[in-house]
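One structure is given below, represented as structure tokens, and several questions about it will come after.
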Amino acid sequence: MERRSILKGAAGSAVIASTLGLPAIAQAQGRKILVIAAGQDIPNFDPHVATGYSASMLHRNTYDGLVRVVGAPPKVVPHLASSWTISPNGLEYVFKLNTAAKFHDGTPVTAHAVAYSFKRTLRLGKGNAWMIAGVVDPNGIEAVDVQTVRFKLLKPFAPFLSVLPWQFIVNPVLVETNKGSDDGQEFLRKNIAGSGRFKIKRAEAGNLYEFERVASPWLAGGNLDGAIWKIVRETSSQRLMVARGEVHFAVDLTSEDMDSLKDNPAVVRVLEPEFRTFSIKMNTAHGPLADINVRKAISHVFNYQGMLDAAGYAQLMVGPLPPGLMNDPKLKVPRTDLEMAKRYLAKSKYPNGGIKLTMVYVTGLEQQRRWSLVLLDSLKKLGIELEIKPTLWPDMVASTKTPQTTADFFPVYQTGNYADPDNVAFASYHSSRNGNWQNPVYNNPKVDALINKGRGEIDPKKRAAIYAELQQVLVDDAPDIFGVLEKRRLAYRKDVQNFVFTPVASNAIELQNLSLK
Amino acid sequence: MSSTLDQGAEMSLLHIQNLHLSMHSFEGDAHVLNGVELKIEKGQIWGLAGETGCGKSITGLSISRLVNTPPARYLDGQILFNGRDVLKLKESDMRQLRGREIGMIFQDPTTNLNPVLRVGEQIADVAYEIGRIAPEILGLTATARASQRKKAAQKLGVDMLERVGIANAAQRARDYPHQFSGGMRQRVLIAMALVGQPKLLIADEPTTALDVTLQAQVLKLLSELVSSSGTAVLMITHNLGAVAQICSHVAVMYAGHVVESGLTQEVLSHPQHPYTRALIAALPKPGIQRGTLSTLPGRVPNLIDPPPGCRFAPRCAQASHECTLAVPALVGKSDTHRIACVHVQPEVFA
Amino acid sequence: MNESQAWARAYYRLRQNWLSLVGLVLVVFLLVVALAGNQLAPYPEHISGSVDTAMRFQAPSSAHWMGTNEMGQDVLSLVLGGARISLFGGLAVVVLAAVVGTMVGAVAGYFGGWTDEVLMRLADLKLTLPGLILAMAVAAALGAGTMNMVLAISLSWWPGFARLVRGEVISKREEVYVLAARALGAGSVRIMWRHILPNILSPIIVKMSLDVGFAVLTVASLGFVGIGVKPPTPEWGLMLSTARGFLPDYWWTAIFPGLAIFLTVLSFNLLGDGLRDVLDPRSRR
Amino acid sequence: MLHYIVRRILLLLPVLLGLSMMVFAIGRLLPGDPVLLAAGPNATKEEVAALAVEFGLDKPVAVQYWNYLTGLLHGDWGRSLQSRGPVLEDLKVFLPATLELVLAAMLIAVVFGILLGLLAAVKRNGWIDYSVRLVSLASISMPRFFLGLLLQLVFAMWLGWASLGGRFPLIASPPPLVTGMLTIDSLLAGDLPSFLLALQYLALPAMAMSLSPLATITRMMRASTMEVLQQDYMLTARALGIPPGKLLRKYVLRNALTSTLTVIGLYFGWLLGGTVLVESVFDWPGIGLYATKAIMMQDFMPIMGVVLTIGTLFVTFNLLIDLLYGVINPKVRLG
């Protein structure tokens, strides 16, 4: 930017600028503090209740799970559990715990603590419990001895190891003493009872959360003394702060932010595909979109290129499931084809359109606003009118209770918490999730059966065949407009060392091995 | 414009010569002062009488150069105060005169005192500023420090309040203007005007806003204070009764021009100018019957395009063509009685 | 002072203050733009929501005087389209508030007694509450849409008019012609409608013209916070808040909507100031 | 004077009562179901019903209001969905930030407003007067949030002199908490570097906030100063030799201030409610931002808490201004 550099040059010489000396990240009194700018607050610390990437970041650094996930494609590595054995029928898992692991108050992490934590998760049924509900039998969790814990599953569950990084172990002594009337939820909402490398030093709701490395962590790594999770709502502010060195990490950047960071030597840009799909769900149970031909027509009139342009760093979805999760190369998803769209419409109840559909999106989510405009523009070609209603998140969630109250189009981000096709398939298309925002209305017994089969199948080749068939059925049924896979858009300062990208909640930064030059 | 000094005669305290002034307004430029002539010597008490709008107040304000220019503009003439033309002075020099040499009192006592400051403080402020130029007024030498001057000013202020007849002045000085009656406030204003022992006191309608009993008291107070200190007074009023009561001399103005001036006794008992005669005739005298008050026909001329020559001509019974040729000069054998009318020759009257 | 001279003096004062003339010209221009926004816009289809994603973030050029935004839409067309919402939104708020406020004020002023006390305390209380936050809460609760927004804002706008009208009515109530009308047996409604209201019209008009500017500002504020109109309707506040993320690189997407808000508010203020001098000289500047 | 103050304070109570009633009514009238939202998306019917009882929504409105009122007095201002914590705690954290911003803005507005107003009135109809009038009219029309963006664009993005947002550098430890206002706390702690840092973060938002009150105070001050200049006592003082400096400082200022004071009082209240936009531009963690997030989440308790706080502060501050008015204007004080 020619003009800007002149201004900057002129300012550089300005006396005021030098005296004020913008507070770049001063190594405060020599302590190495990593500052992360993020847009999401952490209203609740409880590892068995809170969800969202901000809460995940807190849990990852202050609690431990039996195993961790590292690298891309994500690989399961030992953590609290140093080794484990799986029974041939896949129904029994036995974990050997690492004796060095201990909680912040110095007491060791025992098998009892592990069992206690899983039982509490299933009892509360909140947070990440849905990953193991109906899979792990609460009575089937047994502390064989201080170091060994056995899990009996209700039915074989291939992705079991992939979900474990989301199940965190709490210190039973602390939780029991502060049990209160809600199973310790009030206590754990604001306090940490974990074994992670860091603990909370300062928490200002809505503003910032300061982490501090514990005195003698049971696992070494990285040279950070602490970190700050700073809430910065505006992505452009995050981008400018990382560009000017006010923060080390910016985790919620838009494509425009990434463009403007392109030629900044001091910033590393992370643009990696992730298991995060965006699709526009159609109301298959109520209203004009119950007619499959209308859905097919809309799937073919939609301006996919327009959506991609508006998304920036992203790639179009090639199937209902994210690529790399047993995706079927032969699968053909609809692309913009006005002739085909008109042919389908002719076969439908509304041959020349003339209908008015409604779409809701979350007020404030810029990307969803843009894609709703792309849909509006596309539908015009079929003579279909679209009323776009920006809605507050609580109202949107409440509207998915029944098909009648659900809008014709309902945009959904689906994040693959664990690197397994079941994760997205179950959450997005299984009828048991009806009435919930992830899959408000879609109910297809054939699809349900395939998903359940896929969950239970251990043999990788058979599993691949099941998911291939599932995706073909979904494409034929066209319950959604299959949108884009947004690339993860992160940026961090050059002086941050050994950051490893993992496409699973990668904006929940793991401080474990990070260092500052 | 005759700028030569008035050689022979001993320098008079105030000499207004041929003063012309125009006032800009929405409708156009009004020629408010049309050659005012006035000479005041030390110790004399002059009345400046005339109907509302004849320019007497503006003349008074001009002496202390308090008329804002714009919208006013001095077209011609001089105002010599102790021989120095006030219109030419620098503002800083003019400020030296105000309060120290020329005191002023205005009409409405309710609005001429600052409502949010204590009375004592207001009079002390005036005394303090005068003390800066003439420390002797405060009984101090030039080297006095500001704090000394402040205390002395406060003391002088209280003394003056006592001299104008305000009981236990020390406490009352701490009160605010709204805690004083109209008459008392006028006394405070008189005290403020005279605290600097000025040579000339200009009083613009000092008693008009007061009821009759208070008027007499204030006028008596004024004349006592002035006679003891030898201060000359220019009292601007439309009340010939007040003039008769305390003024030694009087000047009658009509439409921006002095038409007759001289000893009060002389002018009021033998008025020569038709306008003065009409003015005096209009005064109600004890024992007159109802309905016999004589009034003056016609209206005060519009000053934007004033009648040529003598502006009283349109309303004057003896008016003739000659009157319209030029503005008649104010002439007379001596200062005891001068007249500005073509038809009245100076030798005719004493 | 006969009729023609009164107008001459009024015209003189308005002309003397050429600023309000500038305001008048600007306001007329804005009304034209609001009415004929679509016709004037170089790319009218963008106003109704069509997009051209290939042409994203074009800098101002001959093709696009104000450049293009994140969806490739022409910013100039959107600004012209946005004039309708902002202007009519502002006008609607003020008219609604004026009607409600005048009724409340007239009743309170005319009847006095406890009705006056109750209504005026209600109005005073309303003034102590933060208007913007209330408008946001109500607009968010009612859901997006221009009418909801207008309703939400005028909810906290009417007290201003109520207080003004009450004062005027109280002063006019004692006038002779009102007493005369009452003496002739006119009902209170008739008196208010035929006698009092026509005579207090000018201060109301002055306040309305001054308030429109600030109403437009409030409409834009709601838009900026993200509550307000439903896409694809262009609205300056929303455009500014969306474009905020594109500073400083794509500055034109933010600067032009912001300037549009500023100019509209300024022109109404200029006109209002001028009108106040002409119609309501008592409260001169 | 004392009974004058006591009388005014007693008058305050019914107003505050009326305020709480109005806020409660607004809370109840707003569409949207607070219980459903509090219960959360995946709550069962029974859970929602149980919560309704816990919220006391099953009781008649009058009882609900009484519970709300007594709750207010005992510090229970309801719980916030966002922070799950009591609203009063949140307000204690966020209110000082807003107060600091408003006080700084008012300080700038009052100081410069009075100076500019005096200057414009004295130099009446000169080019200074004319430009001051034009600029102040433009300033009133300038939307605060747009001005904030422009300030950010110029001073933070291009020139890099000021920070982009937030209240204090993240790394530096904030001064010990006394008033919650960083500038004042750092002064109390005698910690100059922190004070300068806090000032640098406060600068841009305060400037953005102060423009419209500054313009209004200038216009008010100009009008009242011109009024005072034409008073008779000014002519008397001038005629008796009071120098222009003292005339302005003492004779004009005090009189002109009396009428401008009420505007300053009103503006403080309006600003309190108006910080929403500047706070969102500068990410300033005050009650404005807190209210905006609460509105986005349809979280009623915080909204009512913020509105009640601002209403109460507005009324109290106006009382202070009236009392100050009494001090400056003796006629009012001594009756």
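The chains carry the letters A, B, C and D, assigned in the order they are written, with residues numbered from 1 in each.
One rule holds for everything that comes next: contacts are C-beta pairs under 8 Å (C-beta built on N, C-alpha and C of every residue); 3 or more make two chains touch, one makes a residue touch a chain.
Note that the structure is predicted; figures quoted are calculated from it, not measured.
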{"item": "Co-neighbours of subunit D and subunit C - touch as defined", "value": "A"}
{"item": "Chain closest to the assembly centre - both centres taken as Cα means", "value": "D"}
{"item": "Of B-D and A-D, whichever chain pair has more C-beta contact pairs", "value": "A-D"}
{"item": "Farthest chain relative to subunit C (centres taken as mean CA coordinates)", "value": "B"}
{"item": "Averaged-CA centre spacing for the pair subunit B and subunit A, given as whole angstrom", "value": "91"}
{"item": "Centroid spacing, where centroids are CA-atom means, of subunit B and subunit C in whole angstrom", "value": "55"}
{"item": "CA centroid of subunit B to CA centroid of subunit D, Å", "value": "54"}
{"item": "Subunit A and subunit D: spacing of chain centres that average the CA atoms, whole Å", "value": "40"}
{"item": "Where subunit A touches two or more other chains, by residue", "value": "4, 234, 363-364, 392, 395"}
{"item": "Shared interface positions of subunit D, touching two or more other chains", "value": "32, 157-158, 280, 296, 298"}
{"item": "Multi-chain contact residues (two or more partners), subunit C", "value": "140, 226-227, 244, 247-248"}
{"item": "Touching chain combinations (by label order)", "value": "A-C, A-D, B-D, C-D"}
{"item": "Residues on subunit D engaged by subunit A in the complex (per definition of touch)", "value": "32-33, 36-37, 41-42, 82-85, 90, 93-94, 156-161, 163-166, 169-173, 197, 200, 280, 283, 285, 289-290, 293, 296-298"}
{"item": "Contact footprint of subunit C on subunit D as seen in their complex", "value": "15, 18-19, 22-23, 26, 30-32, 133-134, 137-138, 140-143, 145-146, 149-150, 152-153, 157-158, 219, 222-223, 269-270, 272-274, 276-277, 280-281, 288, 291-292, 295-296, 298, 303, 306-307, 310-311, 314-315"}
{"item": "Of all residues in subunit A, those that touch subunit C in their complex", "value": "1, 4, 234-236, 254, 256-257, 259-260, 303, 305-306, 309-310, 363-364, 366, 369-370, 372-374, 376-377, 380, 387-392, 395"}
{"item": "Subunit D contact footprint on subunit B (complex, rising order)", "value": "64, 66, 95-96, 98-100, 102-104, 106, 108, 111-117, 122, 125-126, 129-130, 176, 178-179, 189, 192-193, 196"}
{"item": "Residue numbers on subunit C that touch subunit D, as the complex places them", "value": "19, 121, 124-126, 128-134, 136-138, 140-142, 213, 217, 220-221, 224-227, 240-241, 244, 247-248, 251, 254, 258, 261-262, 265-266, 268-270, 273, 284-285"}
